[in-house]
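Sharing a structure, written as structure tokens. Questions coming.
The first chain written gets the first letter, and so on, giving A, B, C, D and E; residue counts start at 1 in each chain.
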């Protein structure tokens, strides 16, 4: 590591410093507003700094990290998402009694972990990034201590995440034992020079896959998802659904591309099975939910399945499709959970479908944005989700993964059913019993602004995706 | 010092891992589940050390230190959570923590 | 540009109406009405301006090609030819009535209703003019969601179920079409290394019969479900009977036509050989539809369901005619699309009017209304007669042309289809007999048609009569698209392999 | 040694022999009592800091090889530790005994007095 | 080769025997010294200066009833005292009494010592828990908290020494003190280590876990006979161990003017610290539990970290200068 390496890691430095600054700030005096502003500003600065990177930036920080277009793009995405999560968190936590300040530290650290994850090209950095992310998430999920389900979700996530980490690590260890290298590139070279893949390596890949599968929440490793989504505070849920899963997907893409995993037929088969199972199981279980958070949890399982379709399609188109889909999905999920957060009150989050009954007639704008988000999840035109799904299908069709593409099509229909159901409830008559207490108007302004922003981005990407497409194409 | 054959080391690690795995799945007490997970993590760490020894690199040990650190962080957060759950539920039976279903 | 304006007016009108409704429902309705009328004026102006009947060679009346997502080769390509023109005119014509119909019926969430209504129309209009397959899918979806809401919010008792069913059916089949579109896109792209969704470019794609067969099935899935063709028709009776009047009206009058239009515009030209292969099956499905729809219609007691099944039957003619591959049959199909839209739409209006008055759709509870509502009865008679294909009314022309055209291709099926007409007579007369004749139970207060309803039904009645007596104008207009015109290909952007000349597959 | 003493030891049996020793007062309640969560906190602190010493250990042994570069890294690490320590201090994690002021405050609140 | 092995066995046996003899002897020594400082007699009946009281005590312990409380967890109850003795004895393995007089010259000797002293916490917590007695458990909890806390500072305070010597081997560390005893540059480290060492052995004044007056002997309330004896011996072995460590780490181990053999130097230094331990017991009051813990976390920990930083900076700076010259 030398000076330029250090310089190119400035985004990570900024994040870490922000966390430390927050520590200091809390030590001096607890003030929600100050911490919020520090966090916001540092994320913003970081993002702006990141945009100064050239698209064709390509720098390896041996042996652990590599900063390239893909990495920068994903880091930008992560930072922006975190920024939005933070923005929607302020109002959410303002109405709660718990200590609010540490939340921001944790979320910065989680973002840091995710950033490391997406630029890692070595098992060690992968592991570090992942753990920084997950350990922060444990605390984030259980953040609302007064809420019983919050702890429950936290401990469930903790045990399952540690469990999956163990799998991941054991898989890495086996791969390391067999190949003598822990860098992706080394693994690729080894695979290229050894046509015969020993059982040890298969074992390693298998356990690696199990670990990754848990983190991504694909079927059959999805059990934690709904509980965690339900138990965690709404902004945190948004964060998990986006940054945490997205970072993992990005990592998987990098790993697979570098080791040329598409040539390992067995692995491809396994992922195909995972993808199909995730789509079907996720969607079918989502049909039965009456809790919006759980519903979105199951739907996120299905969405990971969709992403895996693009992932399996591979190639440039596949990677682009994933990137675009992630952008669309991030916006959508953030919007959905953000609205949930704005509708939540002190006791619990607005998570039952019944809470949304007649929302359109009470808060038309909120309801319309929420509908737009749901429609985007369903992949309906004029929304970003549509272009994303289109891209994914295109990638699948391109590489003639007809089976997967058909599964995706069928599942889109199933998915539509339950998204539409929520919309129908919102448009239905009748009053929900929910009323939220009055907060400082500025708080509303912040969350409304965030939501409106997300809504506009959603439509903008749905109607005029050209710029984003160009950006993605250039970064890859 | 004699070097232990890699296979034996890996088998030992694998056995440990399997023990941890089984006991995570069988145990109902959250603390024991946590301990079992730790066993699995340590098994992975052992596997890393064995692998590192095979190639004569320090990487395996470095990874082990990372794993230990992470396991420690996990345990401390885990203990805090368990404590809170105990305060609320007065039990550590994981079956009691099933408020969420569906 | 005018095409863009038409769609834009509808969409903008929809949003405006939705917003304005918060202050005044009347203003909202007026805005909706005005925007559709504006479109109607535009299309009439286009129609009048382009004397298409005298110039059958110039196919494309208007053409608009803007880049949209160039990285995918997606353009905002709209074009208007005779067929599209007719369809647009029909869309706006019925659209006006749809607004009028809901004047009284829709009393809550007026703004959102009109928003949906206008957006459905925009989607339909878009489908009728798009020349980009991506855009086709886009509009295809745009018309779905608002329709879902129209049924799901303002429908009758069982509206949720019906809305879901409608939505799932059409959405699933739409996705299959998307897959096929993408398949075509990549087949074409791999051949020419130009990746584009442009209709005219894709027409040039050559592909192996196998690929063509599969891709065509994708398109057919969407169109046949929309049409609907018999095994895929089950959403239709539910959707029609549960939707509010304007909803049924648009469904029957316009949305089904997108399926037929899709067949003519996309499925056949894009896959000529495969279409020929499929033709016998298509005709068979059409015939089955005609007979099955008629039989089912006869056994219904729910008035709206009955009318819905007649739609199934009538759409069978479309199917039969399209796959007969003769100009006459195709002319019949176009005619059928228009006349069926008007006659069935009108029947739904009448069903809605009755429902508004007596709050039931069960025809067994009706009877002897002729005396109390002579005007309504008269109008009904006209449309019922149209439905059964009485000479002098538009439907007769359509069915006659279709059957004549199909005869040369498949006499047997045509004969069976003709038998279906007999069944049509039976169910049509049953309507009249059950509702307007027989004993009057006098259980309900039953005013005759109001001025507003007259305003809707009278123009439609006139239209159906005019179409029956003077169909030439329509036929001329449609000819630019469906006519056999081998020698004009060089001068027009019409596909090199014409749509109808494929019979035998060796016209070049 | 233990075995030897087992063999050699005498046996006796009296009334209170088998009771737990609690300064002569009869035992009440189970010995499985609950403790202040402070003890758990200590455990956590230990786990965190002791594990972090591992890094310092490994640096200390390779101190000369790593030179200023490693020094910088460890300094950052140490400063982090210090910051966290300060934070914990301020957060009250390091207050082991009961805080007299707080108790007084709580008592006054309870009795309705103004502080 | 044969000779080496024999030599090795001899050393091992010698160290073991020496320890087992000295440890009980310390009890006598302590009582005598305390008596001296507190101006009273202490044991003076059996043998010269009451030396034989050690033997008598030992015999007494052996013949006491081997009583295991019926409410206790029997297996754990028996194992706990064994752990303390075993771990402490194992720690002595790495102590170089003189050049060559070392049971096993591990290159990670210091780590081994730290590991073993951590294990001591088990004996306390297991003993207290197995006793199934409220006081025992409370004592055990406190003891464990104290032990593990001071474990942290202890380890960190030694890092200065490691930095200076560049090795974890005690042998090397002693040799590195040829020029100057580390107590001079590492005075802070020495103080902290000493305090932590006292806490580790839970000697007075830091004998919180046993605190007779409040916890009736704390974690070993229920222990009697030889098992109690084990804890007792363990404690004195601990005192010796810490003294040995201080000698090795900060006071040059066996190094000393040549007129005495190295072992003797070592033993002299060691006893000096044992005296210090006893003197502390005689003179200092016991702090409150929370004071002890807060002292550790709020003062010792930052101090060790600062010590570490300063040492590292100084060393590196110095080294660079010397390279430069």
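The criterion applied here is as follows: a contact is a pair of C-beta atoms (placed from the backbone, for glycine too) under 8 Å apart; a residue touches a chain by one contact, two chains touch by 3 or more.
The UniProt protein names, listed by chain, are A = NADH-quinone oxidoreductase subunit N; B = NADH-quinone oxidoreductase subunit K; C = NADH-quinone oxidoreductase subunit M; D = NADH-quinone oxidoreductase subunit; E = NADH-quinone oxidoreductase subunit H.
Given the structure is predicted, the values throughout are model-derived calculations rather than measurements.
Enquirer: Can you list every chain in contact with both chain D and chain E?
Expert: none
Enquirer: Over the chains that touch one another, what is the least number of steps taking chain B to chain C?
Expert: Tracing touching chains, the least step count from chain B to chain C comes to 2.
Enquirer: Pick the chain whose C-alpha centre of mass, unweighted, sits closest to the average of all protein C-alpha coordinates shown.
Expert: Answer for the innermost chain: A.
Enquirer: Looking at C-alpha means, what's the farthest chain from chain D?
Expert: Between chain D and the rest, the longest centre separation is with C.
Enquirer: Between B-D and A-B, which chain pair shares more contacting C-beta pairs?
Expert: Of the two interfaces, B-D and A-B, more C-beta pairs touch across A-B.
Enquirer: What's the farthest chain from chain A if centres are computed as the mean of the Cα atoms?
Expert: Relative to chain A, the chain with the farthest C-alpha centre is E.
Enquirer: Centroid of chain C to centroid of chain D, CA atoms only: how many Å?
Expert: Chain centroid spacing, chain C to chain D, equals 79 Å.
Enquirer: Measure off the straight-line distance from the CA centroid of chain A to the CA centroid of chain D, and report it in whole Å.
Expert: 38
Enquirer: Rounded to a whole Å, what is the gap between the Cα centroids of chain C and chain E?
Expert: 94
Enquirer: Distance-wise, how many Å sit between the C-alpha centres of chain A and chain C, to the nearest whole number?
Expert: 43
Enquirer: Could you check chain D for residues that touch two or more other chains and list them?
Expert: In chain D, residues 43, 50, 89 touch at least two other chains, as defined above.
Enquirer: What residues in chain A touch two or more of the other chains?
Expert: Counting only residues that touch two or more other chains, chain A contributes none.
Enquirer: For this structure, give each pair of chains that are touching.
Expert: Result of the pairwise touch check is A-B, A-C, A-D, B-D, D-E.
Enquirer: Chain A touches which residues of chain C in the complex?
Expert: 68-72, 108-109, 112, 134, 137-138, 141-142, 144-145, 148-149, 152-153, 160, 163-164, 167-168, 171-172, 175-176, 178-179, 182-183, 185-186
Enquirer: Sort out for me which residues of chain D touch chain E in the complex.
Expert: 1-2, 4-6, 8-12, 17-18, 20-23, 27, 29, 31-33, 35, 39, 42-43, 45-46, 49-50, 53, 56-57, 60-61, 63-64, 67-68, 71, 74-75, 78, 81-82, 85, 89, 94-98
Enquirer: Inside the complex, what are the residues of chain A that reach chain C?
Expert: 360-361, 375, 380-382, 386-387, 390, 393-394, 397-398, 405-406, 409-410, 412-413, 416-417, 420, 424, 427-429, 464-466, 469-470, 473
Enquirer: For chain A, which residues are in contact with chain B within the complex?
Expert: 123-124, 127-128, 131, 135, 138-139, 142, 145, 148-149, 151-156, 158-159, 162-163, 165-167, 169-170, 172-174, 176-177, 180, 182, 200, 226-227, 230-231, 288-291, 294
Enquirer: Within the complex, which stretch of chain B touches chain D?
Expert: Residues in contact with chain D: 65, 68-69, 72-73, 75-76, 79-80, 83.
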